[in-house]
Structures are given as structure tokens and as C-alpha cells.
Amino acid sequence: MTINQVMFVLFSVMIIVFSVLTVTSRRILRAAVYLLFVLVSTAGLYFMLNFQFLAAVQLTLYAGGIVVLIIFSILLTSHISQKFEPVGWKKSLFSALAAMAGAIITIITILDFKFSATAEAAREIDMRLIGKSLLSVEYDGYVLPFEVISILLIAAMVAAIVIAKKGGPKKTETQTL
Amino acid sequence: MSLANFLVMRHELLLTAAALLVLMGEIFGDPLKKRSVNLLTVVLFSAVTIIGFLPSPPGSLFGGMYIATEMRLLMKNILNIGALLVIIQSVSWLSKDENSGKISEYYILLISTLIGMNFMISAGHFLMFYLGLELATIPAAALAAYDRYSNKSAEAGIKLILLSAFSSGILLYGLTMVYGTTGTLYFDEISDLLVNGNLQVLGFIFFFAGMAFKISIVPFHLWAADVYEGAPVNITSYLSVISKGAALFIFVIVLFSIFPVIIESWQKTIYVTAVLTMTIGNLFAIRQQNLKRFLAFSSISQAGYILLGIIGGNQLGMASVVYYLVVYIFSNLAAFGVVAAISNVKGKESIEEYNGLYQTNPGLSLVMLLALFSLAGIPPFAGFFGKFFLFTAAAQKGFYLLVLIALLNTIISLYYYLLVVKAMFINKSEAPIEKFRSDFPTRFALGICVAGIVITGFASIIFEVIKDMSYGI
Amino acid sequence: MNTGIPLQYFLILAAIMFFVGIYGFLTRRNLITILMSVELILNSVNINFLAFNRYLFPHKMEGLFFSLFVIGVAAAEAAVAIAIIINIYRRFATINVEDVNEMKY
Amino acid sequence: MNFNYTLWILAVPFLMFILLGLAGHKLKPGLSGLLGTGGLAVITVLSYITAYLYFFRTGATEGVYTKISAFNYTWLQLTDKLHIDIGVLLDPISVMMLVVITTVSLMVHIYSLGYMKGERGFERFFAFLSLFSFSMLGLVVATNIFQMYIFWELVGISSYILIGFYYEKPSAVRASKKAFIVTRFADLGFLIGILILSFNTRTFDFITLTDPAGPAITQTGGAAFLGLSVITWSMILVYMGGVGKSAMFPFHIWLPDAMEGPTPVSALIHAATMVVAGVYLVARMFPIYFFAAPAALEVVAYIGAFSSLFAAVIACTQTDIKRVLAYSTMSQIGYMMLALGVSGYGGHDGLGFMASMFHLSTHAMFKALLFLCAGAIIHAVHSNFMTDMGGLRRYLPVTHLTFLIACLTIAGIPPMSGFFSKDEILVAAFHHSWFLFGVEYAVAGLTAFYMFRLYFSIFWGNETHYHHTPHEAPATMTIPLIILAAGSAFAGFIPFSRLITSDGVPFETEIEWAVAIPSVLIGLAGIAVAFLMYSRRSGIPDRLAAKFKYAYKWSYNKFYIDEIYLFITRGIIFRYISQPVAWFDRHIVDGTMNSIAAVTQYISFRIRRFQSGQLQKYAFVFVSGAVLLIVLLVYLWNQ
Amino acid sequence: MDILTLFIVIPVLTITGLVLVRDIRQVRIVAAAGMGLQLILSAVLVYLYLSVRHSGNTDEMLFVRDLVWFKSLNIHYAVGADGISVAMIALTSLVVFAGIFASWEVDFLPKEFFISLILLATGVFGFFISIDLFTMFLFYELAVIPMYLLIGIWGSGPKEYSAMKLTLMLMGASALLLLGILGIYFNSAPDGGQLTFNIIEISRTTIPMSAQYLFFPLTFIGFGVLGALFPFHTWSPDGHSSAPTAVSMLHAGVLMKLGGYGAFRVAIFLMPEAAKELSWIFIILTSISVIYGAFGAIVQKDLKYINAYSSVSHCGLVLFAILMMNRTAMNGAIIQMISHGLMTALFFALIGMLYGRTHTRMINEMGGLMKVIPFLSVCYVLAGLASLGLPGLSGFVAEVTIFVGAFQHPDLFHRILTIVATTSIVITAVYILRVIAILLLGPVTNEHYNHFADAKWFEKVSAVTLISFVALIGLAPYWLSSMIGTSLQPVLEKIIAINPF
């Protein structure tokens, strides 16, 4: 067993175990922490796949950003010590059935398929190439999505503000932007 | 960026500019004259809409990531018209006190969703498609939750955002399969590389489920009714008309240009779901008392009819779908416009409260009547022509049984549309909605809708233009 | 590179994660945990993209970029979703999804 | 010879109907009556002229009376060959009918001027009389069977209107309805008969149809049904129309009730003219019957014979004088039918045919006379029932005399016309069948009996106490009586066989004493019995009635035929067909449609819980839907 | 502008006029003037038609105007008229004209009433002049929908239920019809070439048999529902009884004729082969309609129900005759449509007038009306007599033509069913006379009746217009029959080509 295989087994076991724990844990904060573990393990997988940049993004944005956001909101809305009631057996049974059926079919179909790799030479991915591609307007360039996601982020900001903002005539003085 | 490129991308660029201008106006404008934002937006948006109709060469930009064909430009223009109508209809609602604090945010969000739709329609790459889709959805959720003081609005928001995140997750999973089996996400390359394998079909179905969610096709439609009911009326009309229209446009584009290889699979999928959509939508609509919810189910079943235009995979179908959406925009916006006008002034939204409406508000009742008849496909209104072409498109490929099911469904739909007509015209009421005069923007928007309902059908030129453009997607 | 680990392993891993996410979405009571399940789903998608990119199509970076943008979108989505969740909490005084059903039938 | 003017025979009464119908209520009643009568006088004159010209000037070529199509206009083109024409066909029988009808009709018109005076709807009455005259004349001059059918229906409706003339009287309304529906039912047979006949012969035209070398007679083939050829069936069905109109058994039930109409109407329509249409129909189509459908002719004979006997028996027990006359009419028409049924074709063989026509004309006279007399009596006594009468001969001398003449005529006492015509019939029957002869012989006796029963109870017998003294009718009423009495008395001397024969070839007849003497004797016997029983109020009738209790009761109740009909219509058609149909329609057919709607609603109600408002259930349906689609498309439906 | 298009333009202008005017008197005048003009126009049309034919023009359709509408689907605005459509147009003008006067006293929302009524008429006119299946279908639906409002708003009794039922059933029929039309369209060029909706062009080709087997029943039932084909007739009694007078008139008088006309012009004309093969099913159904409707009418107590069932019977006869597929029977069917249209309109007009006085439609609640309102009563009797097929009135001409024609069918089965259908004349007589006896004759049952006024002038206009044409056709049917007969030629040629008998 190579180190790669060991790493893979380790990460995948972590991912699966913590994923399951994330969706079953009855304490919400623990679930958030399990999610963090999953995300970090996933970042590990990305490292294994040689996508260091993305692993870094995963750690900072996902693990660092989203999970923190989630935890904040948990703190805002829940008692830390609160333990959920267990899920009704009907609901969990049917959900599990649906999910397992989906998983089995998907996996069977995947295993059934003969994937064929490209014949072209692989490109070495370094930060410069990523940066170049991100700003390229040519084929395989991503400047347009980059611009669009910026609009998306602004829109999301405005959206969050709209939701949080109180309307009404009296509130005109509280400029938020 | 050259002028030619600008012209090709003018919809998105202008919309972005408009959104930014509104943002500037919000930041730097006089806080006390917030309502002038209304005027600013309407003027800006009208300009955008008009410029959108300027002729321009089709083209492809960013290495194929952005594609503009005549058809896609036309789709954008159609959406612009619809959005303009929604914006005009929103004016009176936004002018209410409780909303006056966040008028420009409303416009910004609305325009950004439209930008998302435009990018989605012009996508030449699934990444653009995905981003457009999200840009069209995330702000829409915020719009649905716009009414901060309403439980229903908040509920609508959470249902929309969570379910759409869920559905786009599933859609993405399907896309990974497409990517994994073809090695590319550029539209024009995929169609050459795709083969009819099980994994592709599986990927397609996940993708389809995600799209079906946006179009609210049964069984992926369940969010629609709740969100439509909970959201403010104008947002509901926006979601049920513009969002759905855009999703349908891109759906047609994707199906016709990317998945022709697995046409048999998606025809079967659409067959099943179309029958379900029409029937379930209609069966639910029968029982509704809230007009927004009623129109929600009605628009679900309308989506079922539209699938009939798609199923043939033919040029006629393409044209009929686009044409029907034009009709649908006018008809549904007219119906929602009336509901909004009454809801804003009187706060009444249930069918029972419409009893005897014709006696007090004949104008609004007539507009509603036209809208409902058009939705039901009664001549001489545009809906009749739209439906006829959809059914013709399906029949052309021999889907006679499906057409029959659709036709029988139109009877059910006629039944519940007539229930509303009955409430307005026939039922007597002790306390009908009092006579009132809606403000100018509302009347103006309704006037345009009525003109659209009446003219779109008779003026064959509209259909012919669409038909001519539907050669290249 | 990665010798000894077939592509399918990654795909199966992602599939499991994906459906665990779905299971979570279907069963968790708390709106925030539901959001967390969505993150699981998106993560599995990213794994798929990256595995495909690395194993089959290393000559381009589509999978990489797609994952990148998915993460960005996920962040935006999470932000808006959390804003709405907090609003829900204010209106309903709970974020139990089963109680958020004023509209039905 | 140009007979184009005969068009006016139809046109004048029609125009008069239109005029009086539309403008009658604006005219003075007297003027309307005079207009109507005047119009009829004109066509009477025209008819006599026609008869004169036809019989004595132009009609016979080489000694044979040919059929002349005086006028023919295509009214409606149906197929290439079939077309309905409206025209005038002149041949011996139609010309004879013209004369008979116009004569009687004119008399009735004049009579009505007096009888109906002061009635509400006087002008309406004359309008309807004109309509009837028009229809009846159209019927007899029909050039084709469909024209006949058209006017057949028109006389039916005129009869309906006139029976129901007193429309505020419920019994009149009922009677008119009954008359129309019963005859309509019979006409259904007529229509179907026409359809079958025309389908096989491709023509409606009488001249073609009755041509012995024509298609109807030569192409007697065609599928047989129950052993009879198609033509036979069609002729039986056509005869069904005649049975209805002529009130033969079993469609006779309308005729007695029809007496609810004003008496002049009874005289004109239900005695002299319309009711003999059936006879005329058979006579008109006689060659077909004889050559192509002899079995149908047998049917004609037997129905005629039975009806005459049946009616005569009933007539003996009725007390309403008009009903007695009505049954007598039925009986006499039975004679005519029988005569046709036993007749041969051509020359002396066609004696029955001639006799039938002869009797038709004489019967028209004396029966009209009887009815008009009855009208005068009712006018005087204000009652229909002979129990309310008696000894009237002193108050109503003219009526008495004319009534007596009529009774003698119908009883067949020489030298009255009835003797001659009835004698010919008996002779024809005698040569055909002993059985039929026997029946008719008995009927002759019965006829004499019940007529004189009537006569004696009205004019003789014990005098009843009258509320106010009966007085003789005005001249407008008595003059027609006298004219008709003269006609009845002397019409027997017309040499009928030289004019009207089955094939148009004249022949000579002589009285066959072997038949004539017994028939006169039985007539006299009948009179004698009646004299014994009714000339004074004696107990004999009651004792007889008590002795033959059931026979009397059955006869008095007209053998319960009415009740049978009532049972069929009310009990079966109404209750077991119509009401179930209506129920079926409401509950099954309509119920199916409604239940489709109900089921839709129900499903709509049942599936509403899918829309539970639970976000996770939505997602569950979403996932399940996707998974099912995958299973369906990837693994099940992919082959 | 060609004369046929005027038949749509005038109603549309009338509607525009109605929208503009204010008070009720003007509304009436505008409506009456517009429809009066329409009536004159149809007289002109009849005259023009006859003179053009007389001058030797033997085209299938006259006054043809063909404008491309939707080029890509080859949808045209194509109008044309042959003798049959001319006759139907004339009928429609008459009934609408009479209907306007019959509803002279509508006082609840009169403007809307007349607008809807004329809209309905527009649909009918459009239907009869169309020779393009698309426009035909469009006008068909246009004619159906105003019914809902007319019955729902101005009706009586369970009007909402009836209106809904009627609308849904007729729209259900139109659903089948649309499928049929699409099927015909996609098989209209079996040898390749341009697909077309044009009836005349389609009739020149032969639609493949497999398609005919599918689309003939659809089309026939689609039209048959409107023609009250058993068992799809149940909209008719409820609809008629709830509808206001003029609407019943138009509906029974004209709208139901769309069914017969369409079945003839589309189902039989375009797919004679399948019609021949499958006609036995429908002949059985129509025979049932004929008898069943008549029996159903006998026990009804509501005047409008009686008439509705009677219409089922009479319209059944129309479809029955059409299915016999020979010249005479078809000719009879067309005459029957016209005849029934006139007399049933008359019936409903009179029922409305009676109802306006007695406020009931139950026959057993009325009696002796002949004495108090003789004019209306006589009109009613005339209508009844026309209905039971009295010679001299139009019903006779129609029925006789049908029966004689149907009996020419070479097949014994058809002839036997003809005999079955013939029995309806007796049953008709029964229920007609029953009504007349109970309703009009006998003593006056209610003292109030003595204060009744006889017909007002507008009522007289309405009734006399209709009666005069009933009588005209009844007395002189030749011109009508031959006008229709020559127009049947194209259909017959198609039929004879497949079935030389």
C-alpha cells in the first residue's frame, strides 16, 4: 500500500464518518464541527490530487468562512447545549431508503461506465497559470465567470441587507451602504 | 472592448450599468426623495429594453463562453419586456410606506436576477450557465423574503433558497457526470462528444431535475406554490413569469443544442413529467382559494403545456415555446397585475373576496377575464394561438396521445379559470371590493398586457419572426 | 501520480457524500443543519469535478475552475440563507423546519 | 283539353284560408263566413265543370277514361328519380271525389253560416274549413303518392284543429289530440310503406305506379319477409295509413271521440270526406294491390269486413246520437274497404271497385245529411243523447223528413241511392267469398236496426220534457238538408259503372235480384225490430240488455279498445319507456358526466397532502422523483 | 373587402358601437341595427350566390378570399361559401335578428348582454364562412365561450352549474376536435408537399386510412357533442333550460348546427373512407339520439327541457342523415339544420315570452293561454306543428328528405335504422300535442292570466320573422333544396369514388 493509498483511505474514512455524523449528530454545534472536519479532509483529498490552490481556497473560504458563518448563526439562534429530538423513524427510514437507492443506482452506473482519458498532455498547474486563465478572454479563460460571480457576490450582499433591513419611512436615516 | 462586442453583450452590460446606477442613486441620492428611484429605474429600464431591440450581429465571445444568437437575443428582449412590466407594476406597491426604505435594493436585486438570466441564456459553457442560474436565484430568494413583517414572506424565502440550493447541488452532480464523460463543459463541444450511455442519461436526469425545479415541473414543483403564495405579489409574478420563462429558454437551448444525442431519453422524461405537471398542477389549482396560490398552480400546469412544445425537439417546437412564453408573460402578468392592484389597495387576495367585482371595478375584472381566457387558451386571445402552436409542435412528432391529455387538461384548467370569472361576474356579494382607481403605472402596465394579449395572437408577424429565428440557437 | 487509487474510488466517495448530504437535507430538523447538508452536497460535487479533471482531462482546468466558482457561490448562498434563517428565527422564534409551514395544500 | 284551371280548385280555398286566417279577426264575422262560402261555391262550380268536361267531353279516348295530369310542378327534388310534385291528376275517381267533396263541403259551409252563428271564432272556423277543403282536394287530385301523403297530413291537422275547435273544453282538446296521434301513428305506416315502395320502384308517380306494365307491378321481386314480398309489405303499410284515417279497426278509436267537434265538422270531415280518404287511397293504388299484392288486398277486405261488423254492433248500444253516427260511418267505410278488397280488375270483374266508389259517393251524401240533421236536432235540444229526446217530429218537420230519407238510404231500401250502392257491394262480396258476404249481410240488418233505433228514439217514442220548446233550424241550415236529401234519394240512378271503373273502361251493371231481395228484406227486418223496440218507450231494450248483460256491456263500452290503448300509452309507453328514459338520462348519462367532475374533485382533494408545506417532504419528493426517473429511463424503458 | 368578411366585420363594428354608447335605448338600437344590417347582407349574399351560380360558375366555393396568416404553418384566413354555408349564414342572421328582439327587455347589464350575444354570433358567422380548419376551429371556440357568461350572468335556475357543464362539455368536444384537426393537418399531404389546413385542398387528396380511422371518430364526436350526439348530449337540457331566451335561441338554433355542419364539412368530406367504414357505430348512436330524445321529451315538465330533448332528437336526425352519405339524406340534413334552427329558435323565443308573463316554465302550472294571449299561442302551435313535421312548414321538408334519402341506402341495416328513426315522428307528435293541450288549450287556469297583454311589437317582429321563414321553406323548398344539392356535389364525388352505388 503506497502512502497515497493510505492517505486516501484515511481521508475517505474521515469524510464518510464525519459526513454521517454531521447529518446525524443531535447537538448542533458538534454537527458544525464535524462539518469542519469533513471540509478539512476534503482539502486533504485536493492536496492529494495536486490541486493545492483549491485546497487552500477550501480551507480558507469553506472551513474558515462558511463554517464560521454557520457557527455564528448557530450561536445567534440556538442554545449550545440544546439537543435535538431524534428524527422520527418514518422520516429517517424513507429518507434513508431514497438516499440509499439513489446512491446504489449512481454507484452501479458509475462502475458500469468505461471512462476514457484524454490523449492530450497534462498541464502542470501552478498559480501563474491559474491567474492567467482566470483573466483570459480566450478559450479556457475564465474572466467572464469571474466578473459574473462578482456581480453575484454584490447581489448576495444586497440581498442579505434587504432581508436584515427594516423598511418603513422612519428608518431612512440608517444608511447601511 | 469594441463596439461590436458591446452590442453583442449589450443586455448584460446595460443591465449591470443600470443596477449600478440605481446603487449610486441609493448611496448618493437625497434620502428624502427615495421614491424618485422608481422613476429613475423605470426610465433606465425602458432605455435598456429599447436598446435591447437594436439590431446586432450574432456572435460568440470569451472563447465560446458567451454566445449570442438572434434567438437568444430575442429571448432576452422578451424577458426585458416582462421585467419592465413587473417593474412598472411594482411602483405602486413600493410606494407604500413600509417598503419605502428599501426601494432601490428591490430594483438592484431584481435587475441582478435578470442579469443572471441573461447570462444564463447566453451561456456557452456550463460554468456560465451555473453562475447565471445562481445569480438568478439567490437574489430572488431575498426578494421573496422581502416583506420583513410577514411570516409567509420569510417562509417563502427560506423555502426558495434552501430548495434551490439543494436542486442546484443535484444539478451540479449531474453536470459532473456530463463533464466526466465528455471532458468539457463548452456547449458546442459537449454535443459532439456526448454518447448515449447510462451514465450520461443519469447525469442528464440529475441535470433535468435541477432545471425542472426552476421551471416547476412535477414532481420538482412543490416549492412553487408556497413561495408564490408567500412572496409579495409582484415578486410572485416575477418568479412565475420571468424566472420560469428564463429557465424554460435555457432549458430549450440546452436540450436542443447539447443533448440531441439522447433525445429519446429526454423525450420520455418530458413525456412523463409533462403529463404529471399538467394534471397535478390542474388538480391542485381546482381547490385553491388564494389567488396567488391559484395562479401558482395554474402556472405549474402552464409549464406542462410548454413541455409539449419542447418534446418534439423540432424547430416548430422551439418557436412555439418562445412564442408561448411571450403570450404567457402578457397573460400571467395581466392576471398578477390585477391581483397586485387589488392586494395593494384592498389587501384582498382570495377568490371569494372577488365576488361581484365586475359591479364595482369593471375595468380590472375585464382585464382579469382577458388574462384568464388567454391562459385557458380561448380565442381570439393570444393564449389560444400559443397553445395551438405548442400542440401542433407535439403532434408533428406524433405525440397525439400526449396532446389529447393536454387538451383534456385544458378543460380542467378552463373549469377553475371560470370559477374566478364566475366569482367576478356572476356571484353576488354583500360587500364587494369597493370601487377604486388604481394609479397610473398599474393601469399603464395592465394596458400593455391587454394589448399584448389581444395583438400577439392576431399579428402573425410575431410568430413568424420567432419561427425564422429559431433556426440557430 | 495517485497510482493505485482508481478514479472510481473518488467517484464512489463523492457519491456517498452526496447522498449522505441528501439524507441530511431530508431529515435534519434545524434549518442550519439543513444548510450544512447542502454544503456536503456541494463538496461532493467538487470532489467529482476535481477527480475527473485530474484523472481524465488534465490538459484543461475546467473542473478546477468550476469547483472554485462553486465554493464562491456556496459562500454567497450560505450568506443569504443564513440571513433568511435569522429572519425566520425572528418571525417564528424557531428554526425548526417542521414549524415553518404556514402555507400548505 | 286544357285543365290548367284546376289549379284554382286548390288555390282558392288556400288563399281563402290565408286571408281569413291572417285578417279574419279584422273582418266582420258574417263577411268572413260569406267569403269562405263564396270561395267554396266557386270551386264547386269549377269541380262540376271539370266533371262535365272530363266525363262528357274529353276524358275518354277510345272509350277509356285515361288519367290526365292537368298540372304538375316539381315541389321538391329528392333523388335523381324521386321527386315530390304538386299537381292535379284527373281520372274518374278523382273527378268524382272533387264533385262529392265540393258538394258536401258547400252544403256544410252554408249550414255552418247558420249553425255557428254567434260563436266565438266564427271567422276562424271558416278559415279552418277552407284549410280542410284545400287539403282534402289536394289529397284527391294528388299526382303522386307523396303529394297524397302531404295533403294526408294536412287533412289530419285540419281535423285536429276542427275537433279541438272548442279549445276551452277539455274533452274536445283530448279528443283532438287523440285523433291526431292515432292517425299519426297510422301515417307512420303509410310513410314507411311509401319509403319501401319508392325504394323498390324508384318513383312516386301514380300514373307510373299504377300502370299494370309499370315497375311496381312488374318488379314484384325483392326479398320476402314472413312469406310476403316486399311490395306486399309496403302495400300493407300504406294501407295502415288508410286504416288510421278511415277509422278501421284497430285505429278506429279516435273517430267517436272526434264527435266533440262542431257538428258541421263531423259531417264534413268525419263522415263524408276525410274518413273515406283511406278508401280512396286503396282505390288509387288498386292496380298495385291487385296485381302485385293480392295478400294485402285480402287484408283490406278482412279489416273492412271486421270493422263494419264491429262498428255496427257497437252502434246498436250507443246513446249519443253523434257517436252512433260515427260508428255507423266506420261500419259503412268497412263496406267500402270490403268492396275494394273483393274486387277484381278490369270490366265487370272490377265491380267491387266501382261499388266501393259508388257507395263512397252515396255515403257522403246521406251521412253528411245525417250529421247535419243531428246538428239541427242538437241545436234544438242542446243535448247529444237520445235519452233526452223523443217525439221531435212535431217540432222539427224538415229535419224529421230528411233524417228519415237518410235512414232509409243507409238501410238500403229501394229506390234510395244506398240500396244501389250497397247492393253492388254485396254482389261483389257474394262472388268473392261466402263468408264475407255473410258478414256484410248481417251488417246490413244491423245497420237498418240501429239507424231506426236512432230515428224512432229521436222522433217518435215518448215525448221528453224540454226546457224550452225545440224549434226548427233557420233556412241556412234546412236548405242544405233538403239538397242533400234529394241527393241521397236520387243519386242511385247515376250510371256509375259507365263512369268509374277499375281500369277506366266502362261497363254495364244490372241489379242481381238474388242478392238484392234478401238484402232489402233484412233491412226491413232491422227496421221492424227497431220499430218494435223503440217506437214507443218499451221495456224490451232494457230487458234484452239485462239478458245479454256481458255482451251489452262490452258493446256499450266499445269492447274496451279505448282502455287497451290507454293502457299501452299511459301504462307502457309513458311509464315503462319514457320515464325510464328520462331517469336514465338524468342519472346514468348525466350522472356519468357529473361523476367525472366529482372524481376529479375528489382526487384533487386526496392529493392535497403532497403539498404539505414541509420543506423536507418537498425535497423528498424531489429526490424520489429523480431516482424513479433514473430507474425508469436508465434501467426499465431503455430497451 | 369581400362580402364574406363583412359578416365578421359588421358584428365587430356593432360590438364596438355597443361599447361606445351609453343608455339602454341606444344599446338596443345599435344592436338591432347591426343585426338588421347583417340580415340584409345575408339576403344580398343569397341573391349574389344564386346569380353567380346561375351564370354558370361551378366552383366549389364562391366569394373565396384567401389571405396567408401564419405562413410557416400554412395557416390562412380563408373564407368561401357554397350553398350550404350561404344557407347557414342566412339562418344565423335570421335567428340572431330575432334573438335581438326577443331579448329587447333585458335590463340587467344590457350592454354586456348584447355584446356577448353578438360576439357569439360572430363566432358562428366566422365558422360558417371559414374554409380553413384553423380559422374554423378558432371561430368555433369563440362561439362557445360567450355562452358561459350569457348563461351564468343572465340565466335562470341552476345557471352556474349549467353554464359550467355546457362550457366544459363543449370545450371537451373541441379538445377532440383540435386533435382531429391536427391529425388531418399532418396527413394532408400524404405524397409529400405542403401541409395545409385548407379544406378544399385537403379534400383533393386522400388521407391515409390508418390516420382516418383515428381522426374520423375524433372529429365526428368532437362535432357530434355540439350536435347533441348520444350520450354526449347532457349539456343540452341543462344548458338550454338555464339560458336566457336569446341565448337558447341562438344556441339551439344556430350553435348546435355547428356540429352538423362541421361533421359534414370536416369529418365526412375529408375522411369519407373511414366514415363509410365506421358510420355504423355512429348511425346506431344517432338513431338512439333520435328516439331517445323524443321519448325523453314526453315526460318533461319544463318547457325548455321539452325543447332541449326535442332538439336532441332533431339534431340526432341531422347527424343520422349526414352519416347516410348520399345526396338526398345529406341534403335533408342541411335542410333539417335550417328548419330546426328556425323553429327551435321560435320555440325558445316564445317560451321566453311566456315566461316573461307567467314567470314559470312548468307546463302543469299553466293552462288555457290560447284564450288570453292568442298571438303567442298560435305562434307556439305553429312552431309545434313545424316540429312535428307538418307539411307546409319546414320540418316536413327536412324530415321527408332525410327519410327518403336515408332509405335509399343500399344496406339493409341502414334502411332498418331509418325505419326506427322514422318512428320519431309519432313520438314527436305526442309530446308536442301534449304541451299544446296542457299549456294553451283548455280553460284558463289562473285568474291573473286574464290581465296578460298579448305580444308587444318587438316580440311580434321576432316571432313573425322566424315563422315566415319556417313557412317559406315549408311551402317552397325547391330553391333551397337545389341550392344545397348542387353544393353537395364535391362531397358526393368523393364518396362515389370510394363507393359506387
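So that you can tell them apart, the chains are marked A, B, C, D and E in the order they are listed, and the count of residues begins at 1 in each.
Here, contacts are C-beta pairs under 8 Å (C-beta built on N, C-alpha and C of every residue); 3 or more make two chains touch, one makes a residue touch a chain.
These numbers come from a predicted model, not from an experiment.
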item	value
Both-way neighbours, i.e. chains that touch subunit D and touch subunit A	B, C
Maximum centroid distance from subunit A, chain identifier (CA atoms)	D
Chain at the geometric heart of the assembly (C-alpha centres)	E
Chain pair, most C-beta pairs within the contact cut-off	A-C
From subunit B, the most remote chain by mean C-alpha position	D
Euclidean distance of C-alpha centroids - subunit D vs subunit E, Å	36
Cα-centroid distance, subunit A relative to subunit C, in whole angstrom	5
Subunit A and subunit E: spacing of chain centres that average the CA atoms, whole Å	69
Subunit C and subunit D, separation of their C-alpha mean positions in angstrom	96
Overlap residues in subunit A, where contacts from two or more other chains coincide	91, 95, 98-99, 102, 105-106, 109-110, 115, 118, 140, 142, 145, 149, 152, 155-156, 159-160, 163
For subunit C, residues that touch 2 or more chains besides their own	11, 18, 21-22, 25-27, 34-35, 56-57, 60, 62, 65, 69, 73, 76-77, 80, 83-85, 87, 100-105
Contacts with 2+ other chains: residues of subunit B	127, 131, 134, 138-139, 141-142, 145, 148, 157-159, 162, 166, 170, 180, 183, 198, 202, 225-226, 287, 415
All touching chain pairs, where touch follows the definition stated at the start	A-B, A-C, A-D, B-C, B-D, B-E, C-D, D-E
Touching residues (chain side subunit A, partner subunit B) in the complex	105-106, 109-110, 112-113, 115, 118, 136-145, 148-149, 151-152, 154-156, 158-163, 165-169, 171-173, 175, 177
Complex contacts: residues of subunit A adjacent to subunit C	1-2, 4-5, 8, 12, 15-16, 19-20, 22-24, 28, 31-32, 35, 38-39, 42, 45-46, 48-51, 53-54, 57-58, 61-62, 65-66, 69-70, 73-74, 76-78, 84-85, 87, 91-92, 95-96, 98-100, 102-103, 106-107, 110-111, 115-118, 120-123, 125, 129-130, 133-134, 140, 142, 145, 149, 152-153, 155-157, 159-160, 163-164
Touching residues (chain side subunit D, partner subunit E) in the complex	74-79, 82, 84, 146, 149-151, 153-154, 157, 160, 164, 167-170, 173-174, 177, 180-181, 184-185, 187-188, 191-192, 195-196, 198-199, 573-574, 577-579, 581-582, 585, 589-590, 592-594, 597
Complex contact set, residues of subunit D against subunit C	608-609, 611-616, 619-620, 623
In the complex, subunit B residues that touch subunit D	158-159, 162-163, 166-167, 170, 198, 201-202, 205-206, 208-209, 213, 218-220, 222-223, 225-226, 265, 268-269, 272-273, 280, 283-284, 286-287, 412, 415
